[in-house]
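Before anything else, here is the set of structures, which you'll find just below.
Consider the two complexes below, in which subunit A is the common component and subunit B and subunit C are the respective partners.
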Partner chain A sequence: MRNDRLFIGLMLAPALLILAAFYGYPMVENVRISFTDLTLLKLKKGGDWVGLENFREFLGGREFGHLLFNTFVWLTALSVVLRLVIGIGIAVLLNSPVLKRFNIATLAKLAILVPWATPPIVAVIVWRWMLDPQNGIINQLLLSLGVIDDPVAFLSDLRTVWPAVVTIIVWNTVPLVTLAILASLQSIPAELHEAAGLDGATRRQQFRYITLPLLRPTIIVLGLTSVFWTFNNFVYVWLATGAGPGTYTNVLATETYIRSFVDFQLGYGAAIGVVMALMMALFGVVYFWIVGNKMAGEEA
Partner chain B sequence: MRSSTRVLLAFGTGLMLAGAVAPAWAQEATLTFRFNDPDQEQMRAALDQFEKANPDIKVELERMAWKDARDQFLREAAVSTGPDVVHIAFVWAKEFGEAGAVLPLADSLEQSPPPNGLDDFIAMDLATGNDGSIYALPWTTDTWAMVYRTDLLEEAGIDKLPETWEELKDTSAKIHEATGKSGFMFPAGSSASGTLWFLANYYWWSNGEALVERKEDGSFGMDLTAADVTEAMDYFKSYLDDGEMPTSMLGVSDWADPAIIRGLVEGQNAIGIMPPNTFQAVLDAYAAAHPGEKLPFVSGPVPKGSETRATHLGGRMLAINANTENPEAAWKLVRFLAEEEIFTDYYTTQFPAQRSLLEEIEFAPEMEGYAEQLMHARSWGAYADGPAPIGAMWNAVGRGFGAALSGQRTTAEAGEEVVETVGKMLADGQ
Partner chain C sequence: MSGLTSARDAALPADNAPGMGRRRRFWRDPSATEITVVLLLTILVLFGMVYPAIYIFYGSVKVAGGVLADTAGFTFENYVRIFQSGFGQFVVNSLFICITATLISTAVSVSAAYAFSRFVFRGKRLLFGAILFGQMFPWIVLVNPLFVLFARGGLTNSYAGMIFCYVAISIPFSVYMLTGYLATVPKDLDEAAIIDGASRLQIVWRIIFPVMMPGIVATATYAFLLCWTEYLFALAFLTKPDMKTLPLGLYQFFGDDSVDWGAVMAASAVTTLPTLILFLPLQSKLSAGLTAGAVK
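Here is the complex of A and B:
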């Protein structure tokens, strides 16, 4: 028994060491920096200890509520919910016999891979061109259809900038949800639907009482990972709007970048990073607690 | 022994002997030169000349986007990496020196001074740190000027260039009314670079004010009130509110953005403000699209305020990484890059930062506005000497103007925020 433990420990040691070196150390170092006034200009000398000053300034700052709202509501909640709803919808469509009947199921599956295969930076640039007020295809289309009279500056107009950013995120990321849900859908035994049909269940009832409950574990995992990934995401907002106009689309991730690499305040930026990590840790605990309780209740 | 074996042995012995002299090869220095302007091909040709004249030095050329160049180099220098010779903006030299990222040049300057001495270089105050050390050699200089489409001015019945900010606004409005085209187009976006930073400062300077001033006791503070900032915001916002500039410019932060360049080339907008190399790109693009035609462009000085007309004395410097293993070779390269032939044969889109070379330049007729504006250009002075990084103040001003112009905040709110934010930066840094 002791030999087994030793063997397991030895086998795990390299992985644990790598984790400690490349994950644990930067994390601890980031926490340490967050208590200092380190700047990019003081990298060689190192920062001085300032205690909780960075946290106090950030959490008590005028922009904190605005950053929180943008990050939680616009960036995370809206884009994750849309991603899940649209992803499930497309997966159900791809799994339906309709596409197979017209021999376009494979083509549709390949088409759904295109946005996913597009790197985020390329996706944002392509969308910026499409949304361009002067030459963008979307403005040209809306003008020719008579939907608008003048071109819309989608990425700089306060009324349209967030919907435009969320559209880019959803377009680029929905295939992951679609493919994961599609795989789960294909693992649901057809007999369940056949039996429900024989018992008189409508298609809607079958979806509500058979398909959705069986998809729940996949949706939970996708939801959780999507929230973590989107909450921390910097690329879409920064490349699409640069956090503007003004600070209108500024989120926690872009604020971290601005404070660290534009204002050079690495200590302050690290403090924002620590706050973001704590928020996500709290979210993960609450999420699993609620989901765990609900599942336990259902099993009982 | 067969002859083929003897040949092999001889070859092997030769290789061993070559190995024995390898340390002599190792004396060769390889430098990396990070040059951020688009003239990469021309610069490579210049470096080939340098390598020919200095066979013991090889130079690798690399490029970094200007907007990333400052923090990237600081990060590299802090961990003892980065290019040996680095192309930097005028206002970075002091902070790079203070950060220990670049070498003080005193020894190099003493051993091998430039032919006309340091007095020949403009902006030496920006190259000199607060400790008195010289951290970079001014390389190129320029300033901004107004550029106009003469055909659109004529179409609107305008026969003289605007002299004041009010006249600029009137001219812009007349052009828009008469031609349906945009008048003055400027980057009104909110990113961390570009933006209205330069224009806002020109406006303040022309009215005898500045964002940062050195006080009598030597400390640094703001020379602007919230009302001053709000007034500038109101002025520039009026171009959007009155429809002379499309709202899409709220998404444009770069003065060389295609929306501005293409608009001027295609005659969609009549007035711009930019550095000379960007204007040259406009002229080249127009000439390529309309071969043989007269260029319908002219440059002119920036408008006057209540006191003067002013732009910044911009430019680039060359600095040597504090971590270089070849400081002598690096200085040799810096000296070579400051020679006259570089500006006449290779790096022709920029003006040299040496007075002796500047005097020899003959400006093309379209560029005369730049020659005139150079007389009114001023150094960043207290901005660069002060305790707040210029990049951070730039970001605060750009975002403030972006918030005001987009309607995220009223101009009064945004003006107060800018004053509060920059004031805090200056206070915290002292």
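Here is the complex of A and C:
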């Protein structure tokens, strides 16, 4: 028994040590840095203690409301909702008996994977090209169809920049939702629909009263996980627009990066990081409360 | 959770099996309109999903002037050009960092997963939860303090620093996947070996490791892909041109006011091809594992 305990300790130690060194210690260090005016020049001797100055400047600044709105509404809420709605829609479509009858269900499932297998960095690049005002295929298409008279600079026009960024995010991330929902759909026993059909329920009623309630747990988990992934995501906005035009598409993640690594105000950047981490912790509580309750409900 | 996979397997045979008649009565025969609508929608969706990815490869083999030029022709010139301008170094850097990180993280994760799946100990649930939490952790928040620590320790612009990051970001996922895998390996195997006098360590390396090889390969492949496409840490910690990884190297073809799209697409293709090839065979394991991971 005693041997077992030593053995367990040795087996777990490497993973735990690495994670503590990567997640734990830097987070503590981050809080400390956030109370200093650390910059690149002061890196060797460390910054001076400024108390809550960084937080006061950030939370009281004019940009803060704009950052919150961009992060929560445009980046997170819009793309998560669209990803779920479109993902469910595609899953229902791919689950249609028509596709099986024409033997294209498997082919369709493979095709749906392609965006997911495309690295986010590459996804942003190829969409930047397609959306390019000079030689982008989308402008060419819209021009030749007569929808627009002049090329649109999708990623620098204020009216189109957020929809364009959200399009890129949704394209790249919708397959995971589709596949998860598809798996759930196929796990619903056919007898349920059969019985409902015999009782005279229409297809729409069956979807509303049988399919959706059964998909709910998967949808909730996918939605909450998506919130984490999207809220913290830096790559899409940074590579698609560089937070521009101006600071129009700036979000919390890009602001942290810009402050820390473009302006090299490491203390200030750390303070934004602390605020983001607190917001995520709040999400985390909600997440574990909902998912925990759900699992408790399943076991009961 | 496990319902995702098992139930899907259970549902599939119903379409091909002799029970078809019963099913068809329920579904009725779809009307011609329904068939048309479903097929058109499907083609539209699949086109939208696949087209941008095809565009990458298409764009990379077009002669200068772009996809839309009348003088369309096939050429590998873009590929030759990017490798002449030093793109090979990025490939080498990426391969070295990602393969090393994957090997370390897999070894570390296999042992942790073994402890989680085979033993009951105090604080197990808490520790397992804490490790999984790493998957949701805001990396952007870590970059700043890590940069300060790395800069002091001379780890910026080093393979060691990047490997450390990539080991750490792939452990949470790997531990989760491997623990799930080990749960399907019967404990009788361990017990029989103990009776035969094998030590715990021998059991792990001689018996468990070979049995769960398919799971290890799948997990390691995904860990590799995670590192292969990582951008944020590389961007913050690698500033010297000859240290850069592929995702960073891609962006050197973006000029200040003009973009060499042919070169960018060739570089993108070089980055994407390995992920496509490695990813597709893995997907069924992954989609179940990832979504289940979200539940646990």
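As a convention for this text, the second predicted complex is superposed on the first by the 265 of 300 C-alpha atoms of A that agree within 3 Å, B and C clash if a C-alpha of one lies under 4 Å from a C-alpha of the other, contacts with A are read in each partner's own complex, and residues count from 1 in each chain.
Keep in mind that, in the parts below, contacts are C-beta pairs under 8 Å (C-beta built on N, C-alpha and C of every residue); 3 or more make two chains touch, one makes a residue touch a chain.
These numbers were taken from a predicted model, which means no experiment stands behind them.
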{"item": "Clash-or-fit label for the pair subunit B, subunit C on subunit A", "value": "clash"}
{"item": "Partner chain(s) touched by A:186 [first = subunit B, second = subunit C, both, neither]", "value": "second"}
{"item": "Which superposed partner A:261 touches (first subunit B, second subunit C, both, neither)", "value": "both"}
{"item": "First, second, both or neither for A:157, with subunit B first and subunit C second", "value": "first"}
{"item": "Touching partner for A:85 - first (subunit B), second (subunit C), both, neither", "value": "neither"}
{"item": "Subunit C versus subunit B, contacts on subunit A by residue", "value": "C"}
{"item": "Partner chain(s) touched by A:100 [first = subunit B, second = subunit C, both, neither]", "value": "second"}
{"item": "Which of subunit B and subunit C A:285 touches, first, second, both or neither", "value": "neither"}
{"item": "Which superposed partner A:43 touches (first subunit B, second subunit C, both, neither)", "value": "both"}
{"item": "Which superposed partner A:19 touches (first subunit B, second subunit C, both, neither)", "value": "second"}
{"item": "Partner chain(s) touched by A:112 [first = subunit B, second = subunit C, both, neither]", "value": "second"}
{"item": "Clash with subunit B, by subunit C stretch, listed 38-46, 146-154, 200-208 or 218-226", "value": "146-154"}
{"item": "Subunit B and subunit C contact sites that coincide on subunit A, given as residue numbers", "value": "43-44, 132, 261"}
{"item": "Residue ranges of subunit B touching subunit A (in the complex, touch as defined)", "value": "71, 74-75, 77-78, 95, 98-101, 189-192, 246-251, 253, 259, 389, 391-392, 395, 399-400, 402-409, 414"}
{"item": "For the subunit C and subunit A complex, residues of the former touching the latter", "value": "3-5, 7-8, 10-12, 14-15, 23, 26-27, 30, 34-35, 38-39, 41-42, 45-46, 48-50, 52-53, 55-56, 59, 66-68, 108-109, 111-112, 114-115, 119, 121, 127, 130-131, 133-134, 136-149, 151-152, 164-165, 167-169, 171-172, 175, 200-201, 228-229, 231-232, 235-236, 247, 250, 259, 261, 264-265, 268, 271-272, 275-276, 279-280, 283, 287-288, 290-291, 294-295"}
{"item": "Subunit A to subunit B touching residues, read off their complex", "value": "40-45, 132-134, 151, 153, 155-158, 241-248, 258, 261-264"}
{"item": "Complex contact set, residues of subunit A against subunit C", "value": "3-5, 7-8, 10-12, 14-16, 18-19, 21-23, 25-27, 29-30, 33, 38, 43-44, 90, 93-94, 96-102, 104, 108, 110-123, 125-127, 129-130, 132, 135, 137, 140, 171, 175-176, 179-180, 183-184, 186-188, 190, 193-194, 197, 217-218, 221-222, 224-225, 228-229, 231-232, 234-235, 239, 253, 256-257, 260-261, 266, 269-270, 273-274, 276-277, 280, 284, 287, 291, 295"}
